[in-house]
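Shared chain: chain A. Partners: chain B in the first complex, chain C in the second.
Entry: the complex of A and B
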């Protein structure tokens, strides 16, 4: 091949090697930051997307307050039988390309029917460009979540996302990715759970967990129960308990735990053994000065205080047939496929014997004895 | 050599292993890799019988000319089928995750064109090209794979079950057998290795195979651990789904895992290029294994065009996988098992009664 033929070939091939010919410039793209799905009349799904404007995008990347008082975002919603169709209706309202490759938060209404939730998860699983590490939350009102008043710092939804990405910032490290939900859903012996976010006049209220049985939300745990479930799952970062111990008030903070679940079958009966090693900082104590002997008694008192409460949470989950974080999945997988049907493993689970061992230790007493 | 099998299963594995093997998937994989090790060893023995002549000549000579002729055309069919399957599958991966707006033929055309170019200058150039690309890509895949390890929610699924159930183990191994299909072209390749390097080549072939088996074992651990068996069975391309989790915030390419998937296009290209090389050799080589350059190039273009045309008919990956599992796999596996069973005893009998064609074993 002569040199000019090579040169010509290179020139012809150059535009092709980028592999980005189907890409569009950012001003022609409506980059969705967060999207939400809620039920609508006639068994339809209402999809809502939040698209930051260029001003909103700069506040997103720089983290500083936008200089101008321009609009930060626009929120569009539409209804249809399937989530994909609803998003197409949203695309109809836009003159730019609706792009889901940068979605960081997916909000599911806790009022979605089981069929709608399954349809939604199936849609999200099939979606090629979606980032599977987007956070997913449940909320009673998607509309309120997106229409919260913006504060000075920029888009409010970013605070929520920031809280999830910050390791140990919140009471419970309970972020869930789309990936976690879509893998838990088909796994026998596993149940979906999500952070349950409500909206208050001042902002978001986090710290609660919503558990699902298959595709139906069955229990929105109170903040205290969520903290206990967090201890069971080993994800509580800043748990707190306070109670009266022999006329003295006691407060323990930064409760964290190492936990293990061991399911086993004996004499055709399922047993679940939970072992929790909890530790915390002595925070408030109006009793006599702390001595070694007293520390020991505080340790066992806290364990005695926590264990029945943890058992109550577990029993309620058991009654509802919910096994978050795949408590039973390893056992069921080993017996594949005999226990795989939900009716079979749930029946075994509901009759299972729960054993809870809580071991507590104060690891820090603060600045004083 | 590695290119002859690496491209075919990299996007699918280990779906069938988990679906059919269940908790015995580990044992299935062990069975599968050991089985292939033996098969590769046997095919290397076949290659060493008569390295001076083509494989077509060998089969015609040992078996009957009619059988030799049929085997030759059967092999051509097999290579074409493999090329088509891989091209169609890769086209669909690209269209699902990256270039939704680009038509299938353009994506597949680019792949086929690159493979054609890689195979154009013959054996040595093709070998060097693949050698340069494969090692960094494999290393990058391993490194990116390490990023995903932190997300292993289903690590329990990796542990092998304590009682081995025979049926699922066999089924898992059988349905995952696509993983190393295509290695049999090493019979043809053997002739192109210099005589003094042949023993080393055999050692390399077997150790590279073991390395690839270890690479796939790592892939199994990674994909099974992050996706869990149930989600994995539903996923179309499980390793792609798993690698989508590898993202580094703040790095200038944040979806790093997907980058690796694109780079796997190199494996696919290598696989297809080797297929083309093989097809063209099978089509044009004469009895003494020589190939005329003009005919080789003509055959290359013809096979590339045929591959591209047939792959256009397979517009859906569900159809593709179904056809391959129901028809392709049993036929090709049957052929792979039948060849050593036919040829090696024939040679043995022949040497016993007519010690003319002395086999030179690989060791």
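Entry: the complex of A and C
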């Protein structure tokens, strides 16, 4: 066969293997911005998708406010035994191709059973077109989240997504991508955490963390505890504490931390030593004038204030059998192969001695950042 | 004779054709019949031929017989068909039979001196300087030679004392006489002398030296070549007055006798390249050469590659600069475009304007051209790929923008590209064909009116207009026309690849192109040089240009005889200042 015949054959074969017939222009795709999964009667799952309308796209493109009659998006729901089947039923309600390649947010109901959550994660893991960088959140009501009243200037859900996308904008950088959850699930205890978003009359309430164990929500941390957990995980960007120190009110903000965990075993007992280097800005102080010596005293007081609170959070996590870091168990297993079993690990973890060292330092005094 | 090979006559559209079996099918008109005797015999054997055809045949045969008689007369005197017999009458018959049919052929017969020796001047009216011809004719006719002077002595006297033209040669060969006359020379025949004087009386109608139209420049030299080869050489000589500048002529074209000049600097250019080019030039056998490109396509190493291997230019300064770099220039008579070779890809992105501006400006211009190439080649394919095949790779807000602008569009992006590009190509071609002022108008009308109308009509989305405009503008940044069409072709390959395979297709095609470019060589010079293979010293004048004192070497890929183009130690301004101050104090 001459070279040009080979070339011709390749040219003819290439389109056949390209799969180009399934390509569709964007305008023929129903672009899902967000999807949610919630439990439904008879152990079924309700899938909900949010798709911007033509009006919505145009207003988003031009930046103009949509007309009063124009809907920015449409919400479609369907129930089925599996998430895949539910999405297929949603596709049945559409005239365009349901396109999941640009899903920005996956909302999981905190009422999903462990089985349903595992089924959902298994499905999302294997869903080829899904963008695995989509943010995943937990919420008590998917329906409320998707039906929040649109504000002037765009879809509310885009504001939520924008908040996650902005590095350092939130108090805690607690965003979780789909692939974070995918990779965290197979570790011991299936302990994962996700941002816990609730809907308020004015919008979204963020700043809380929901902790899962064995795919079941076990603890929705308060905003303060979430901040402390953020310090342990090193993801708090704008933490805030205030307390009374020697009859004077002290406020520290812009709390950030670098944390480390040093696990070791003594007498067949697991010890976990957490070291946190926390820094922050002196925000309010109505005591005597700040001097270098007094700053050192404040540093020490703040460290003493934070350490027991962090230990409390850690102990509560320990009681739930949830490790703050997914990699903790594999780290121990490397030195103690005999603990290489989820049940053995959990038993040791529950009895572990937790030690917390906090080193605090004020880095700024009085700036207005 | 084999029946299948026997010639037969046919008529078609009022013209006579000779059909020789199944192999030859030559149209014949007037004196173009070659096998006249056979045709006559054939005609006499076929009484049924039409009267008109017989008339044509008779005329043709008469001319043919006249030619044969002229040839036979010459042959009887000389012994071969190519030699001039020394008989002006025989020469007159022969010229009359062959050239004399054309009205521009002037045959002037006269007598010289007291002895009244027959002489004849033959030239082509319009191609000779009439002043020279008239003056010389007058001088010759007033020659007062005694009757005893032999014709040979007469010829010598004429050559040395009377003829005032610059170049005079003599020959006895008709194969040299006829082409010389055709190219503007004048042939002087003297009865009794077998040598014919060929006088260089050429004066072609020539265009003035003008500004370079196809390669404009804001700053620096503006001079361009014209169609006259001698002027081209003069222009180059003026810019490169080196004694080592060689012009080696070649005659190409059986009918056109086109003079092609191979120009190079003998102390710089790699002799292997020169020899290879000369060998290829010598191997060209065509009946007609009208443009330099017809020669250029013979000189390319790879004829079917889409990438140009020869750079064409009408700029004298560009050719002179590249000759000094060690390249070879090919000048073609009657074509103002000279060819340069061998070339690399980067060569097609360099202009002489780059050397007329400070190096920062020059480097910026070259980088902008590179950016233009990338944008022109990739912007549209990426749009197709990202909007049709891989939208998941786009940021959501950009995708929403694209999606919003495409709502309600009747055609997919691929069809929109075809529509828009077709419009652009039509506008481009229309602008080329119209006078310059109208061309600008067409461009404005096309860009503003058609573009706006198309968007308003809802045929193409606004984003597509922006991308197409940017693409077209980006591809216009290419300084060399010959590579512009390469990118226009590749643009479509990229569109198809993006449409079929998305981003993967674009990457795959890019790899294929880079591999192909890596494999290309032009007279042993790698096409991707100085990047593949890397030639660090050549990088000084590639996509960027360093200051001239830093560019000391000629391109190493050309393997020149003199690699160094400048001294290694640049002038140190501080030293000069110090010396000046010292002299001032003294």
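Please note the rule applied: the second predicted complex is superposed on the first by the 320 of 369 C-alpha atoms of A that agree within 3 Å, B and C clash if a C-alpha of one lies under 4 Å from a C-alpha of the other, contacts with A are read in each partner's own complex, and residues count from 1 in each chain.
One rule holds in what follows: a contact is a pair of C-beta atoms (placed from the backbone, for glycine too) under 8 Å apart; a residue touches a chain by one contact, two chains touch by 3 or more.
What you are looking at is a predicted structure, and each value in this text was computed from that prediction instead of being measured.
Contacts of A:268 after superposition: neither chain B nor chain C is touched. In the superposed model, A:337 makes contact with chain B only, not with chain C. Of the two partner chains, chain B and chain C are each touched by A:131.
When both complexes are overlaid on chain A, the residue A:180 reaches chain B alone and has no touch with chain C. By the touch criterion defined above, A:202 reaches neither chain B nor chain C.
With both structures placed on the common chain, the touch criterion links A:29 to chain C but leaves chain B unconnected. Once the two complexes are overlaid on the shared chain, A:2 sits clear of chain B and of chain C alike. The interface of chain A with chain B overlaps its interface with chain C at residues 129, 131. Contact residues of chain C toward chain A in the complex are 387-389, 391-392, 394, 396-397, 399-409, 412-413, 499-502, 505. Across the complex, chain B is touched by residues 16, 19, 21-22, 125, 128-129, 131-133, 165, 179-180, 182-183, 185-188, 190, 325-326, 329-330, 333-334, 336-337 of chain A. Within the complex formed with chain A, the chain B residues making contact are 22-23, 96-102, 110, 151, 153-154, 156-157, 161, 226-231, 233-234, 241, 244-245, 247, 249, 255, 262. Across the complex, chain C is touched by residues 14-15, 18, 20, 23-27, 29, 31, 33, 52, 54, 57-58, 60-62, 99, 101-102, 104, 129, 131, 161 of chain A.
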